[in-house]
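What follows is a short report on a single structure.
We just call them A, B and C in the order they show up, numbering each chain from 1.
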Amino acid sequence: MTESATVTRRNFLAGTGLAAGALLSGSALAACSSQSNGRTDLQLWIDITGAANEKYFSTHVIDVFEKADRKVEVDTTFYQGQDLRRVIQTALQARSGPDLVRGASASLTQAWSKAHTLADLSSYAAKDHWSSKISSWALKPFITGSKLYALPMRVDTMLLYYNKTLFGQKNWKAPTNRDELEALAEEAAGHGIIPFGATNVDWSAASEWLMTVFWNHYSGPQAIYQALTGQIPWTEPTFVEAVELLQSYFNKGWMGGSTAKYYSVPSATMGAQFGDGKIAMFPQGEWWMSSLGQFFGSAAHNGNDWDWAPLPALQSGIRYPLYEIGVGGSLGISAYSSHPSQAAQFLNWYYGDTQQALQRMADVPGTYNIPIPFSASSLPSGMDPRSRRLVTATQQAMATGDFGYVTWTWWPPKSDTFVYQGLDQVLTGKMTAKEYCAQLNQIFRQEMKAGTIPPTLKPGRYQA
Amino acid sequence: MTGPPVGTATVEPQASTVADSAPPAVRRRRRVRPWLFLLPLILINLFVVIGPSIATVYYSMTNWTGIGSAKFIGFANYRRAFDDPNVRQALLHNLIWFALFLTVPMALGLFGAYLLSQIRRYQILFRTIFFIPYVTASVVNAAVWQNILNPTNGIGVALGHLGIPGIGHVSFFGSPSWALYAVNFVVDWHWWGFLAVIFLAAMQGIDPSLYEAARVDGAGRWRQFRHITIPGIQPTLVFLALMTIVWSLKVFDYIYIITNGGPGGASQVVSTLMYNEAFTQFNAGYAAAIGLSMSFFIVIVLIGYFYLRKRGSKI
Amino acid sequence: MSGRQRKGRLGRALIYALLVVLALFALGPLVTLVFDALKTNAAIGANPLTPPTSPRLSNFATAWTQGDFSVTMRNSVIICLGTMLGVCLIAGLAAYALSQFDLPGENGVIAYLFLGTALPVQLFLVPLFFLWTKLHLTNNLLGLIIIFWATESPFATLLLRSYLLKIPKEFVEAARLDGASEVRSLFRVLLPLAWPGLMTIALISGLFAWNEFFFSITFIFQPGLRPIATSFLAFQDQNSTDWGLTSAAALFMVVPALLLFLGVQRRFVSGLTAGGLR
């Protein structure tokens, strides 16, 4: 008994010693000052996942910047999307967190700005002439009064991807209107092919992508603009009908194979089915272009290829092609950063070095499309033609005024959350389309009174 | 185990004599010392739990969005929680969860423990195997079961091919009617082995002569189980039942990882609702009110337990 | 063979059969992890649940480097050990106080501990992070460990107390009479008796610390300090799931936990046997 007592005491002390040593070294690391040998260390937390993507970001963004600006270092921590929001918000509330703040959506960024946790970028913008480096329409959601509180990180739009090889085999053409779309869907379903891929599993807000599509291509941008500015309510029949149309596609089993599959099949599996020709079309954001490739061709051991087309008009009178446009999140500076001017230097490089920016756009399709002005001829020659078409199409849409509004940029925060959470209730039969629109209207009106609606983009032409 | 002689009549009076003859300072030190032993626990608890709890109580009475400043609004959040259909639905789901979580793992655990108690060879091997799901992290278990139960080429589809009706097209985690039960199944699977090992140990503490007597009296396995085993492990059963009630209201991890309360709120429980309100809906004050109301329920349950204990029932 | 013997044989066979069914139920799903870790992605896509036809170890090597497991595993070992030691110390002292003395207000403390196991930790996230930032305990292994001490100690104290209640007070009294100081009596007499109980709470709190992800993700952001759960979660990329790599990563997380259990399981169960739960 004595023996075991001594042994345990020795183990105890040894264990404590080991643990204490490790803990102290851990604390020492944390206590390191953020300035070493004259270089400033900036913290960036970002939602880039996957080994290849992280590597690209580290080598082609961070390393390139650090070589260009030898006084600033950027330490990056990678997070999953759903965690990043919680983690940054928690840190900001504690007056700490990263220097460079990545906001997942415009409405979230606005909420953070309203709580005075984001630094005012107006002085840097003026000094470095950001208004000429960044498209003005993209800056609009991030301006309150005269303050600029974040920069737009990606031009978002919705596309209709389709299995080009399958379409070639069946002699199908990309649909331009609702009749063509539904005829195509019927025919595909008849062949046992799922007409549209869709899944909620990897991104719980996926339902708002679909709602964006249906509101823009059925109700139209004009109606949306009027609703966003409060001229008409969200209970207008056109909005309700759009929801019902979407619901009908789900009820027909056209979306993902069934409503239940929409909620349980991961996008990797659906992507694989899409690549194999078991799914015909996929309404998805332009960001999907970066991961789509793995499901086609030699990477996936099928001889198939993909392409994209603009989403069809779902009602007569709606323009085609029409691109609903938005901003995929933001990049800003924390109000609690101790190195805001160095952080601004990074931002200045990220948006200002056009050649690097275009190279990134070409290297990884659909990921680094920042809203900067460029001419089509300056795009790198090695760029995937489908990616090239995308960036020129969105730029053109803004120039000609044929654009719509995505919910995650132009809707206020609580309404935006309700758009997808409420739609989930509609799709699972807990709410009717009418009740959904009524509740959305109620929430929207409250936010209107509270003044949390982001500045709305007036219909018109916008030069990049 | 060797040790000093136990419980002789002379020890007690000697002890009290010694204690009485000690100077008041020593006596005071002796009274204080146990509280010193409690100090680390109390201090740590104060920092990590009490501090934030007070903040949470404060925030529950404000309109805090989760970031920025908060304005005092009294009990408005609590009144809102009382009327909120989402809260009611979440509580209902917790109730269903509790009913399943209390019965299924316990039944499996008791059954498994009983089987283990009847064998000697390989008992340790089986015991270890039963314990493995508990050892595995929730993130891993969730990923494994999502893979097994996926509606494209998972086990449901395989069974459907084998001819079992109805199951081939079920989307376990994606259909509103199955989601809550499917996640509960995964958690039950994770938990029953832990209970089995604990029950086995408790069963092994029962006096074997009781079983002998019962066998002589002609009692079969089931009667022995009901009248000797169950009462013999009653304290363990009650302790774990109590913890189960508490943990049923806290359940979060698996639901958050697998369905996040979906689809459409079909698997939403109070803790995921709270999380949603706090971090997605910008209603952090409201979330605090919901959380504290839930804790209040637990307090009621605990009061009931302690009242029964005081009344003398041996639990 | 007499009727009774035959009945005994059948009964025994049935018991073993049922045990095997339960074992398959418990182990089966995790065996698919092993299978899938040894397959290529194409093979998994075709058949996710069957044994590999041509097993290969490349997934393990790739997952190890991609997931930075050498760093995260080390961090998790530190967190795990720190948590176990702290919980054993804190809960050990507290359980000793609550079981060997008749403290006034003891019931209050016990009720408070039960309550401590009942509070929803997600709510504390923001205020606790705020406090931890002020104390410079964020982004710090020690800070995380202290949080785990606080979350695990209440239950550990209650569990350990039930073991210690079974130890007759006379043991400790007698040791005290021998002139031994309090601490001596603790170590010499009580510790060996309570050792299995300590092993139990060490195991439970160690497993918790090893597997935890929610607080770990929020409180630690320096990549070099992240625990093993983040390595695993990194493989669950929403855009592409390489299930082979994910399975290998999962095994990196499961096997050390299993080894920990195997290391203490004899003591763990003997502790449960001797003490029971009251």
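The working rule: a contact is a pair of C-beta atoms (placed from the backbone, for glycine too) under 8 Å apart; a residue touches a chain by one contact, two chains touch by 3 or more.
Note that the structure is a prediction, hence the values are computed from the model and not measured.
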Farthest-lying chain, centroid of Cα atoms versus that of chain C: A
Leader among chain pairs (count of C-beta contacts): B-C
Distance between the centres, which are taken as Cα means, of chain C and chain B, whole angstrom: 15
Chain A-chain B separation of Cα centroids, rounded to whole Å: 39
Gap in Å, rounded to a whole number, between the CA centres of chain C and chain A: 38
Sites on chain B at which at least two other chains make contact: 1, 66
Overlap residues in chain C, where contacts from two or more other chains coincide: 45, 126, 130, 192, 233, 236
Multi-chain contact residues (two or more partners), chain A: 1, 86, 93, 266
Chain B to chain A touching residues, read off their complex: 1-2, 65-69, 146, 150-152, 169-176, 179, 259-260, 262-266, 279-282
Residue ranges of chain C in contact with chain A within the complex: 42, 45, 66, 78, 81-82, 85, 125-126, 129-130, 132-134, 136, 138-142, 145, 187-188, 191-192, 195, 217-218, 221-225, 233-234, 236-241
Residues of chain C defined as touching chain B within the complex: 12, 15-16, 18-19, 22-23, 25-27, 29-30, 32-33, 36, 45, 47-49, 89-91, 93-94, 96-98, 100-101, 103, 107, 109, 111, 114-120, 122-124, 126-128, 130-131, 146-147, 149-151, 153-155, 157, 162, 168, 170-171, 173-175, 177-178, 182, 189, 192-193, 207, 210-211, 213-214, 229, 232-233, 236, 243, 246, 250, 253-254, 257-258, 260-262, 265, 268-269, 271-274, 276-278
Complex contact set, residues of chain B against chain C: 1, 3-7, 11, 14-15, 18, 33-35, 37-38, 40-41, 44-45, 47-49, 51-53, 55-56, 59, 66, 108, 111-112, 115-116, 118-119, 122, 124, 126-141, 143-145, 147-148, 153-155, 158, 189, 193, 197-198, 200-202, 204-205, 235-236, 239-240, 242-243, 246, 249-250, 252-253, 270-271, 274-275, 278, 284, 287-288, 291-292, 294-295, 298-299, 302, 305-306
For the chain A and chain C complex, residues of the former touching the latter: 1-2, 4-5, 8-9, 12, 15-16, 18-19, 22-23, 26-27, 29-31, 43, 45, 49-51, 75, 77-81, 83, 86-87, 90-91, 93-96, 98, 202-203, 266-268, 271-272, 290-291, 294, 301
